[in-house]
Each structure stands twice: as C-alpha cells, then as structure tokens.
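Heads up, there are several structures right after this.
Across the two complexes that follow, chain A remains constant while its partner is chain B and subsequently chain C.
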Partner chain A sequence: MIRYTLRRVAEMLITLLVASFLVFLVTEFSPGNVARKTLGAFALQEQVDLLYEKLHLNDPLMVRYVRWAGVLTGLQADPLQDPALKLDFKDPRGDRYFGNFGYSALFKAPVNDVLWDRLGNTALLAGIAFAVIVPLSLLLGVLAGMRVGSTLDRVVSTISIVMTSVPEFALGVILVAIFVVWLKLLPGTSPLKTNSGWPIWTQLLLPVSVLALYDAGYVARIVRASMAEVMAKPYVRTAVLKGLPWRQVILRHALRNAMIAPFTVILLQINWLIGGVVVTELVFAYPGFGRMLLDASLFGDVSLIEAATLIALFVATATQLISDIGYRLLDPQARR
Partner chain B sequence: MSASTSAETAGRPTPSLLRRLPTSRVAMVGLTIVLIWVLLAILAPFLPLPDPNKSDYAAMAKPFSSAKHWLGVDPLGRDLLARIIWGGRTVLEVAPLAVLAAYTVGCIMGLLAGYYRGWVDIALSRFSDVILSFPVVVLYVILIANIGPSALNIVVAVVLASAPGISRIVRGLVLSLMHQEFVAAAYLRRETDIFVMIVELLPNCRGPLITDFCLRLGYTTITIGTLGFLGLGLPPPNPDWGGMVKQATSMITVFPHMSLYPTVALVSLILGFNLLADGLTELSQAD
Partner chain C sequence: MALLSIRGLRVEYRTSRGTVAAIPEFSLEIGAGESFGLVGESGCGKSTLIMAIMGYMGRNGSVPRGQIIFEGQDLVTASPEALRKLRGGRIAIVYQEPATALNPSMTIGAQLMEVPIAHTGASRAEARARTAQVLLDVHLPDPDSVMRRYPHQLSGGQKQRVVIAMALLANPALLLLDEPTTGLDVTVEATVLDLLNELRQKYGTALFYISHNLGVIAQVCDRIGVMYAGKLVEDAPAADLFANPCHPYTRGLLASLPRPGADKRSHPLVAISGVVPSAGRAPESCGFLTRCPYAQPGLCDKAVVPLRDTGGAHLVRCARWQDLPAEQVAAAPGPQAAVAGRTDIVMDAHDVSRVFPVGRRKLLANDRLNMAAQRGHVLAVVGESGSGKSTFAKVLAGLDSATGGSLRIMGDDVAKIPVRRRTAKQVAAVQMVFQNPDGTLNPSHPVGWPLARSLRKFGIATSKADIEARVTALLDMVRLPSSLRHALPRQLSGGQKQRIAIARAFAGNPELLVADEPVSALDVSVQAAVINLLLRIQAEQGTTLVFISHDLGLVRYLADEVVVMYLGQVMEAGPVAAIFEPPYHPYTEALLSAVPVPDPSIKTKRIRLQGEIPSPLNVPAGCRFATRCPRKLGAVCDTTPPPKRDNRDGHIIHCHIPLEQLAQTEPVFRHV
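So, the complex of A and B:
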C-alpha cells in the first residue's frame, strides 16, 4: 500500500509537471505577446521591445519554461522585479521565494496578493456546495436504487436527467428569474459585502443552489446505478430471504458495497465543481477564484492565468490521488 | 465492464442498436426534440423570419412579444425568435462537427494504443491522463482565450478536451476484442495492421460508442453555450445561444424574457441529446 501510494504521488507530480508545461506553452507560445500583455495596451512599442530583450523572450520555449519554473520554486529571482526595468513591480515577500507566481498585470499587484483571498471565497462556496451535494445525492440515489422501477425511482431519475441537462449558467439565469425577478426573495449578485443590504448567507444561497443542483443530479444517477447493481447481487437476496428486516438489508449488506463506486465519482466531482465555479461566479459576480481566472484570461494576464491554472490542476490531481488511494482501502478486491 | 459485454455480444446477430431505437420511449422523445431543432435549423433560410442581425429600433422601446416579433426583441432590437432559430443552426453545425472531429482523433489514438500496446500505449495514455486532469472549463477558458474565439477554434478545443476520453474507451474495447477469433482470422489472412484496425476492430466498437457520441453531443452543446456565456463563443453579430444569454443577463430584472428564451432553447436541445443517450444506454444494457 505504501509503495502504491508513493508511485501514485510520483505520477501526480509528473502529471503536474507536464501539465504546467502545456499551460506555459498555451499562454506564452508567442513571446511578443508576453511583453505586450505585461505592459498593457498603451505601452509604446519601444518599451515592449526593451522588455522583450530584458526578459530574454527570444530564447527557446523550453529554456523559458525552465526559467519560469525556477522563479516559481524560488531558485531564481523574478526578472520583472528588477529595478533596472523601472516597472515598479514590488513584492513585499522579496523577489526570490518558493511559490513566486510573478506579477499580475491585471491587478497591478503580486499574484500572491490577489490569489489567496479569492481562493478562500471559492473554497467557501465550493465547500458548502459539496456539503449539500454529497448527502442529497446519496439519499436520493440510494432511495431510487433500492427499488428499481418504483415511482420514487422514476421521479428521481427524471429529475436528475433534467438537472444534468441544464448548464450552470442556464440554471443560474432560471433561478435568478424565479427568486430575484419574480419573487424578489434573494439578491441577484453575491459580492460578499454586508453593505449591499443582503446578509451574506442570502448571497450564498443561489450560487450554492446552482452548483449543488447541477452536480447532485449526476452523482445521484451514479449512486442509483451502483445501488441497483448491488441490490441484484445474490448476497442481498440471501439477506432478504433469511428474513432480515429491510432496514438491515439496506444498511448492513447493500449500502456498504454500493458506496465504493460513488466514492470515487464524488471525489472526481471536485474536478467538475472547479469548472462549475468559474461559470457560477460569473453569473452572480462572486469575488472568487473562477471569475479571477476568467478575467485574467480575457485580459491576457499571463502570470495570473498560469498561477490559477496550476492551482486548479493541483486540486484536481490531488483529489484524484485521494480517490484512487481511498478506493484501494475501501475495496479489498482492488488491492489484489 | 461494458467493454466485455459488448465483445461477447458482438458475434451474435442481434438487431443493431439503432434499429431497435423505436422500442425505447425515452430515446424517441429525445430524438423528436433533436429532430425538431434540426428541422428548424435546415428550414431557417426559408421561414418567414426577420433578419436575425437586423435591429428594429421601433421595437426597442417595447421589446416584449408582439405580432411582429413573436418572442420579442433582444437588447439591440433584433428579433428573438429569428436569433434563436438561427442560433440553433450554429449549434447544430458546430457541435456535431466538433464531436465528429474529436471522434476521429480519439478513435485513431485508441486504436493505436490498444493495438500496438507497448510504448505507443504508454505515451498516448500518459498524454490522455494529463489532459483529463485539467478541469474541463479551465482547459477551455485558457485555450480559447489564447487562440481566440471562433467556430474553428471551438472545434479545436473540443477535440483536444474530448479526444483523450474517447481514446480511453476505444482502447479498452480494442484490448477486449484482440482475443476474438475474427482478429486471429484476419491475422491468418495476412491482413495489414490498418485493415485489422479499421475493418475488423472499429466496427465492433460501435455499440458503446454510439451512446457515448450522443452524450458528448449533449456535453458539447453545453460547452458551446457556456463558452458563449463566458464571452468566449462565436464572434458577434452571429446569433449564439450562450452569447445571447450573456448579453441579456444585465437586463434580467427588467426584461427577463431576453435571457430566458435562449436558455430554454439551449436546455431543450441538451435534454434531447441526453434523453437519446439515456434511451440508447438502456437498450444496450438490455442485451
């Protein structure tokens, strides 16, 4: 088990390394762009050319990638902070430290000053959504899969297929139309500020609902399928035939085995949740990580895009790792 | 799991999945919804609709539904019904094209990986792992933002994001088919590798792939809509459902119909694809 874990961690690190190179490739493929985007649309061509030269943007992509990785890991000083460039980019942490993501051209501040607040807000949103999705989808999925073909099963299945057909932004628009425009019960934007006249929890209600409704439908379908499969197994039939109360059959025999597949799916759902967060935050003007990534992409803020994508990748691969290891612990057959 | 069952049934002369389609009510409902949109998309140039890109400034004062504009007009005074129908045309052109392109690349990758194994398999599988570890929306956002929003680039992004998933399915199917007698027979006839892959293996993968194709059509429709909403969709003034919603959301408190109608259109098409896929899954599991 320890060897397996170590191997998976090594694989995760390699995946992260290759993926970070792909991100670098996509964002910094055209070097002229990097200098232009760092200085903004109003910089003179001479300034852009000067920066192009100072940053050695003429070097091959691979060399620039290694240099970027050097800055990120603190082995190299951030060239943008060089006073000779007169860019006035100052980072209170210094120009050489681990986790130096560089300087955000959009926010005119070190990436680390911008990133973590936003990430905290998103963690709040995604955390609450996750806390709603898991029990809701488990309950609905188990109830539906317990008696395949029953009215409850049909209702749950229909609702979940409809919910998975509504993209997050569409769901957001529909919920805003109902609860904000028509019923006037909730705020349409969630800036997370108390001076907007709405308490924070009311601002969180709609974004959380969008994320939860979309994902819960999908997870409930997986749980239902897994539960239905287990219910058809001989050991469940034996348990019923030997006269065990229904509750015990479900809780002791069926549930334990039916939860293995959904466990993986639920953790992998975090990968989807990150994407859903980008869209939901845009709908509700939520000051989070996803909207920051979108703004950075539309603006062309190279450092911020790279930082945000790397963190999203880290979260996604880490949850995948946890789900793989957890699966092994849960399912003795997978251990071999 | 589904790979092994399909391999077992591949030899039996059961009527094909598509021929049994009418027996599934769910699939037929889905197919009907999709066909209605396809029909509207094909007929769009012949229907008595106003120009979808022309503003009717007189209607802007009262943008609600009227005899002239059945669903009202959008924030720029353009007829909503015309834009929705023409927008459906765009989605129904781009989505199948993108999924087909992704399938071409994914099938080639999967066939090569499953057929040759060894380092080809390792290289392709590792590459797929890296792409699949990206949160999908994040991948789309950084790609489109850097290569620019256009129909072609959306297709490119969909191919990059979906081909690894398709390749994984095909690879698994090919691995399970390689032990079959018809593959051995093809070897004895000294067929070329390409012949075995395309004539013997690929057609026998079709069952699970048909279902996955419909599911992916739904996903890709979601993707196109979402990209439009994020401001990374088709460049204006072409009608694009997601973009239409984005344009109208700032006015949702005053003119909710402007964002609601395109939303309903988008959801109905996705629902059509998903119901079709659901029906097909049920049919293939009934084998």
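So, the complex of A and C:
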C-alpha cells in the first residue's frame, strides 16, 4: 500500500509537470502579446517593444517555458520586477521565491496577493457546501436504495431528479425571489463584507443552498443506484438469512460495498466546487475563485490565468490521488 | 412430530401481468435428522419453496394460504423478529454460488463470527473459537489463516466450505441446500458431498437438498421428492425411486441422464419433450399433462389428480400410474457408428504447447499435447478446471496461438496462425460452441442474424433469397421454427439459445466442431435434447467433434476417443471403453470415482484427491499429478517424468506404475 501510494504521488507530480507545460503553451498562444497585456491598452508601442525585448519574448518556446518554470519555483528572479523596466511592479516577498506566479495585470498586484484571498473565499463556500452535500446525499441515497420501490425511494428519486434538472442560475434566482425579494430575510448579494449590514453567515446561506440543492440531488442519485445494486446482491441475502438485524445488514454488509462506486464521484464534486461554480458566484456577486478566473480570462491576465489553472489542476490531481487510494482501501479485491 | 411440516402452501408473485402462483399448493413433511432431496427442472418452484421457508420472497412475493410449521411455530405468520432468530440459527441455508454469497469486502472471519454473535450471544473470543472449530470440521486446515482472508483469495471449493461452515455455526436443526455443488468441479463436488454426509452424522442436522441433478441427490438423500410446476409429483425412499419410478416426469428425468456404462449406440438419451410451463400456466388437473407421453384425454385433463400412496411410503401424483408400461418406451436407435473404414485424421496435434510468460516465470497452460481426431469421431477432452482444456480449444479455433509444436487441421499446420490470419476456408473448417449461450449471442441482434452472417462470410450463400432459405434450413436442422429468426436472444430459453449456437457453428459446414462444455449450463432434460441434436447433426454431416467437458457420465455416453488432461499435459488417452475400465491412470480413476451416479444400485469406489491443483506457474518436476496422486510410488514420481505406456488399440497411459499393475486395479463402478 505504501509503495502504491508513493508510485501514485510520483505519477501525480509528472502529471502536474506535463500539465504545467500545456498550460504555458495555451496561454502563450492566446491572442495578443504578453508585453502589451502587461502594460495595458494605453501604453505606447515603443514601450511595448522595449518590454518585449527585455523579456526575451523572441526566444524559442522551450527556453521561455524553462524560464517561466524557473520563476515559478524560485530558481530565477522575476524579470518584471527588474527596476530597470520602470514598471513599478513590487512584491513584498521579493523577486525570487517558490510559488512566484508573477504579477497580475488586471489587479496591478502580485498574483499571490490576489489569488489566495479568492481561493480562501471559494474554499469556504465549497467546504460548507461539501459538508452539506455529502452527508445529505449519502443519507438520502442509502435510504432510497435500501428499499427500492418504497414510498421513500420514490419521493427521494423524484426530488433528486427535479433538483438536478433545474439549472444553478434558475435555482439562484428562485431562492433570491423567495428569501430576498419576498421574505426579505437574506441579502441578495454576498460580497463577504460586513459593511452591508448583513453578517457573513447570512451572506453564505443562499450560495451554499444553491450548490447543495443542485449537487446533492445528483450525488444522491448515484448513491441510490449503487445501493440498490448492492441490495440485490446474493451476499446481502446471505446477511439477511444469517439472521442479522436489518441495521447490521445495512451498516456492515451493504454500505461499504455501496460506497465503492460513488466514492470517486463524490470526490469529483470537490473539483467542481473549486473551479466550476462561476454561475453561482456571479449570481450572488461572490468574490470567489471561479469568478476571478473568468475575469482574468476576459481581460487576458496571463499570469493569473496560469496560476489559477495550475491550482485547479493541483486540486483535481490531488482528489484523484485520494480517490484511488480510498478505492483500494474500500475494495479488498483492488489491493493485491 | 415432523421437524418441518408444509401444509397446503401457496406462493404467489405479483407481476406486471397480474398475480401468478409459483406454487399452487404444496405439502411436505421432513423429520428431524432426515435427509430429503427435491428434484425438478429450473422453473419448477424449488428455489421459491426454499425462500418461502426462509420468509425471503422479495417485495412482490406473498403466501396467501397454507402453513409452514417448523418446530411447532408457523413461519408464515411469524413476526419479523421471530423469523430473524430462526434464520441462520435453527434453519440455515447453503447457496448455489459460493462466490457471490460471500461479502467481497469483509474477511471470512468477520463474516462467520457474526453468526454466533447474533444467535448465541457469544463474545468475540467465543465466536472466534467456535468459528475456528467449525472451519476444522469442514476440513479447512489452518482456520486462523482462512479467517484473515477475503473471499477472492479462496478457491471455489474452499468458498463453498466456508458457506457450509457459516450455515453450521449456530448448530441448526434444518439445513437447506440450494444446488450447493453446481458450478464446482466434479472432484470438488465429490468432496463437498462427502462432507455433507459426514456433517449430517456428526451434527444430526436434517437436510433439505434441492437440485436438478439426480446423481448428486442420490449421494446424499434418503428420501427423494420430485417437483413439477409447483407441485410434488412423487415422493419415495431413494432406492425405491430409482428402482421403480412411478411418475412419467420422474421417468423422463431418469431417461435424460446417461446410464453408467451406456453409450449413445446402446442406450440413447431420451429428452422430455416441451418445456416447463411458466408459473401459473400449467394445466390445473395435472401440470405435466402437456408433456406427458402417457396422457389420456378424458382422464388426465379432468379432475385434479391427488397424491396417492402406492404402498411402502411411495407417493405419486398420476392418474395412470398403474397403467404405465414397466419399462421406458424404447427410444429410436441412436446415431450409427462413426463412418467406418476411413481413418483419415482431421485434427492432429503434435507437441502443442501454449506458454504464457509471466514476468520472468512461465505459465504452462498446454505442455506438449499430443492427440488426434479421426473424421466423424467424437474426441472428448476431460479434466478439472485448470487442466488446460479451454486453452487448447482456443488454439484449435485460432483464438489463441500455440508457442510450440504443430497442429494440423485438414493438413494445414495452424498452430501459430491466429484466426485473423487464417484463410476463410480454414476458419470455416473449425467452429466453436461455447458453454454459455447468453454470452455468445449479441443481445441486440435477432438470432437469425449470426446465422445469415456466417453464411455470407463463408461464401455458402450470397443472394438474399438463398440466405433466407439457408437460415430456414439451419433452424429446421436444430428443430426450431423458422419464425424464431426474428426473435431477440432474451426471448429464447437457454436450450433454444444453445440450438442457435449449434446452428451457427454448422452454417459454414465445418470439418471440426469444438464444443467447450456446451450443455453444462442447461437443465438435464434440455441437456439430453441438445446432446441428441448435436450428435445427430454431427453423424449426418460426418463432422468431427472435439467435446470438452468435466462430466464423465456424458463423456462415456457420447465419446469415441477420450483424452484425460491434468495441468496442461495428457495423462491418458484412448478409445472410450478403454478409458472407463482398468487399467486406469490414477487421475482418471479419481475422476471416475467422483462422478455422482444416479443409481443407488451401483457402488462407486471412493477415491478422493487431496489439496488443490498446483499453479501452472510452478509445476511439479516429475509427474504433474505426483503431488495429489493417491498411488504415488515414491521419489521417482516427483523427479522423473512418467514413461508413456502403450496398452492396446491406441490406449496410452503416462504413469510410472507398470501396466500389469494398473490392469489389476479394481473397477470404479460395481453393480450390487
């Protein structure tokens, strides 16, 4: 198991390395010139050309990638912070440190100053939503799948499919109409600032509800299907006809086997919650990671896009690693 | 008082087409310590009955009428809690497929220890000690190591022993056995049946054994019941039932089994015509009416036939039981002797090897096999699972390639030519019929499709009309109506699907047909019908048949020549009669001894193989069979490959024991 884990970690690092190159490649080939994007639309062409020269942007692609990776890992100084360029880019961390993502052209600040606040906000939203989605969908899915065709099963299945079919933005609008416009109980936007008069927790309530309602239905359906399949297995019959109480049949025999298939799906929700909830963030004006990535993309803020993509990639490979290891722990046949 | 008394039981299922009675009315008594066997084809309601006793019928099952009295308590009206206490406690069950009956993600120990903890309130330490004891009782040495393992780390036979141990843990008064040996190797089956007999003596448990295999039932049960369409049609002491079967259905079941020592020419199998009616569709008066050769209009189709005592505790439900002829109606003579006078060899395997490299080691699936099949003959290849039979079949068909030796089919060496590189003629020459017809027919194409495709691919027919006509002819050949060509596989029964598979195999007029366990997934009566059909077409067309099977009864019946394989090598080969009589190879002797004979008047010499077949990655250096051989001579068997000993008529035995000594062996089967 330890050897397997080490091998998987090594594979994950290789994946990240390859992915970082692809990310660099894609952003480098995006329309527009890096120097122009850095300086902004009102810079003179001469200035742009000068910067272009100074940044050695004519070098071959591989050379530029190695230089970029060098800056990222702190092996090289960030050329943009060179005072000779007179760009006035300052980073309190210095110009050479591990994790130097460069300078955000959009926010006129080091990427590290912008990125982590936004990621923190999203992690807060995602964390709470995940903490609601997982127990809720497991409970509903298991209860429904435990007795296929029962009233509870039908109710859960119907509600799940309805919730999953309503798009996030529609769900957001409906909830806002009820709780903000009509009942006036909750704030309509969630900028996570206290000066609006609404405590932070009230601002989180609606975005979390949208995510939880939308996603729990989907996960519950997966869990239900897996549970129903396991309940029809001969070994569950064996457990019942052994004379075990129903509780033990479910908890000891059915549950663990029913978790094997949905486990991966549940972990995939983390990826979605970190990078894919742009719509919800937009609806509630939530200062999150997804929205930042969208803004950066629209502006052409290369450094920020690269940084955000790399982080999303890291989250995705890390959850994949956890799900592979967890899968082997759950299923003895996958070990060996 | 009886231990279990079923009175007027009716079991119904709610389906989309209304309520159907899987069991219309059923009564039965089983005494304490008795061993009762219930036989019948699939769909006769045997499993429904077992599950009704256990109170486990799913959401759509119900018992509207009748009682199941067990130790004075009615199980039909028992509370869920009372039922729970009985299940696994006083009544336990052994399942058909041990592989699926065990939880894959729990250790054996954890699954077993639950039983004493739930039923006797044992502590974990007590439960562990009890479990270890019962595992020893079912002959699983080293219980501690077994308890730490997961099901996938055990062999099929070991898993079934674990399931039996699970059933015995709470010391039940009644043990229900639902086809517990189906799917196991014949040698493993024999040891499991021995174990059941031994445990019955030791624990005094009553057995209720259901199976479609009369041979197996005969090994274990004192009394046998025959079930048809949800009703008990005959009930008699075991010896009496075999000596004097009174119901036409019982007679039909017996006639569809090959008799010990008989072959296709002397005693052809007689299949029961028709199929088991689906639940609730059987005639009211006598369920067997539509399939019975003795049915008499005006008598059998009027009043409901009661169960009558014929004397000597022999009950039968037949209006005409006294009028039945003493012997089974003589069947049409079987297929005639294989084409005589011509001895051309269709398939000639010379030192065929199939070695799989596994890391730095070698897996010897086939190791220098030699065998030949003559035109129009049936060559049977027998052996336990892991003997390499199926690998050889794949090499024959080109689904796998040999790594050494030569394999001449119709003169061409195709040993190393995979099917993709064989010419259309070579492909057409070798066709296969597989074990599981469900897996070989494409579920989304009508069954006529593979037939038409074969005809087109092999250039037998090209025009649309010609293909249509040929498909009809093929269906007719396997006795299926031509309207069935538009049916999807799921609309067909298992026997019908296997007929389609046979028709497909014959579409290209093959020289050599390779049938890999073609009937082992089918019910006995269907088995007889499919075997008869296969042999008839084979004889008519003069096709050579390589028949791979672990069922030696069937092999005795249909083969002309037999090859006995063990761990990738040939142990013995020769004409069928020579194989089934001394001199035997010790392995053949053990295989024969394991055959469950459906006739209590025949005594079988008891030889049981110990241990498991060794891994083909690590084969014994001398004789492959040395590690399990009951007649091992000594070190020579471990170190030196055995010599080939020629008996006569091409009968060869690979063994260190001299032929004269092997010839003095007592025969395995003996009439008493």
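One rule holds for everything that comes next: the second predicted complex is superposed on the first by the 329 of 336 C-alpha atoms of A that agree within 3 Å, B and C clash if a C-alpha of one lies under 4 Å from a C-alpha of the other, contacts with A are read in each partner's own complex, and residues count from 1 in each chain.
Following the convention adopted for this analysis, a residue touches a chain if its C-beta (ideal position, glycine included) is under 8 Å from a C-beta of that chain, and two chains touch if they have at least 3 such contacts.
It should be emphasised that the depicted structure is a prediction, and the values quoted were computed from it without experimental measurement.
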### Query
Once the shared chain is lined up, is A:Pro262 touching chain B (first), chain C (second), both, or neither of them?
neither
### Message
Tell me which touches more residues of chain A here: chain C or chain B.
### Response
B
### Task
Mind working out whether A:Gly145 is in touch with chain B, chain C, both or neither, as first, second, both or neither?
neither
### Task
State whether A:Leu330 touches chain B only (first), chain C only (second), both chains, or neither.
second
### Task
Could you look at A:Pro207 and tell me whether it touches chain B, chain C, both or neither (first, second, both, neither)?
neither
### Query
Can A:Gly188 be said to touch chain B (first), chain C (second), both, or neither?
first
### Query
Between chain B (first) and chain C (second), which, if any, makes contact with A:Gly102: first, second, both or neither?
neither
#### Entry: Overlapping contact positions on chain A, where the chain C interface meets the chain B interface
none
### Task
State the interface residues of chain C toward chain A in the complex, per the touch definition above.
54, 56, 59, 84-89, 92-93, 95, 97, 100-106, 114-115, 118-119, 150, 152, 163, 166, 170
### Query
Hey, which residues of chain B end up touching chain A in the complex?
126, 129-130, 133-138, 141-143, 145-146, 218, 222, 225-226, 229-232, 242, 245, 249, 252-253, 256, 259-260, 263, 266-267, 270-271, 274-275, 278
### Summary
Within the complex, chain B is touched by chain A residues 15, 18-19, 22-23, 26-27, 29, 161-162, 164-170, 173-174, 176-177, 180-182, 188, 271-272, 274-276, 278-279, 282-283, 293-294, 297-298, 300, 305, 308-309, 312-313, 316-317, 320
### Query
Given the complex with chain C, which residues does chain A contribute to the contact?
147, 149, 233-235, 237-245, 248, 252-253, 256-257, 260, 330-333
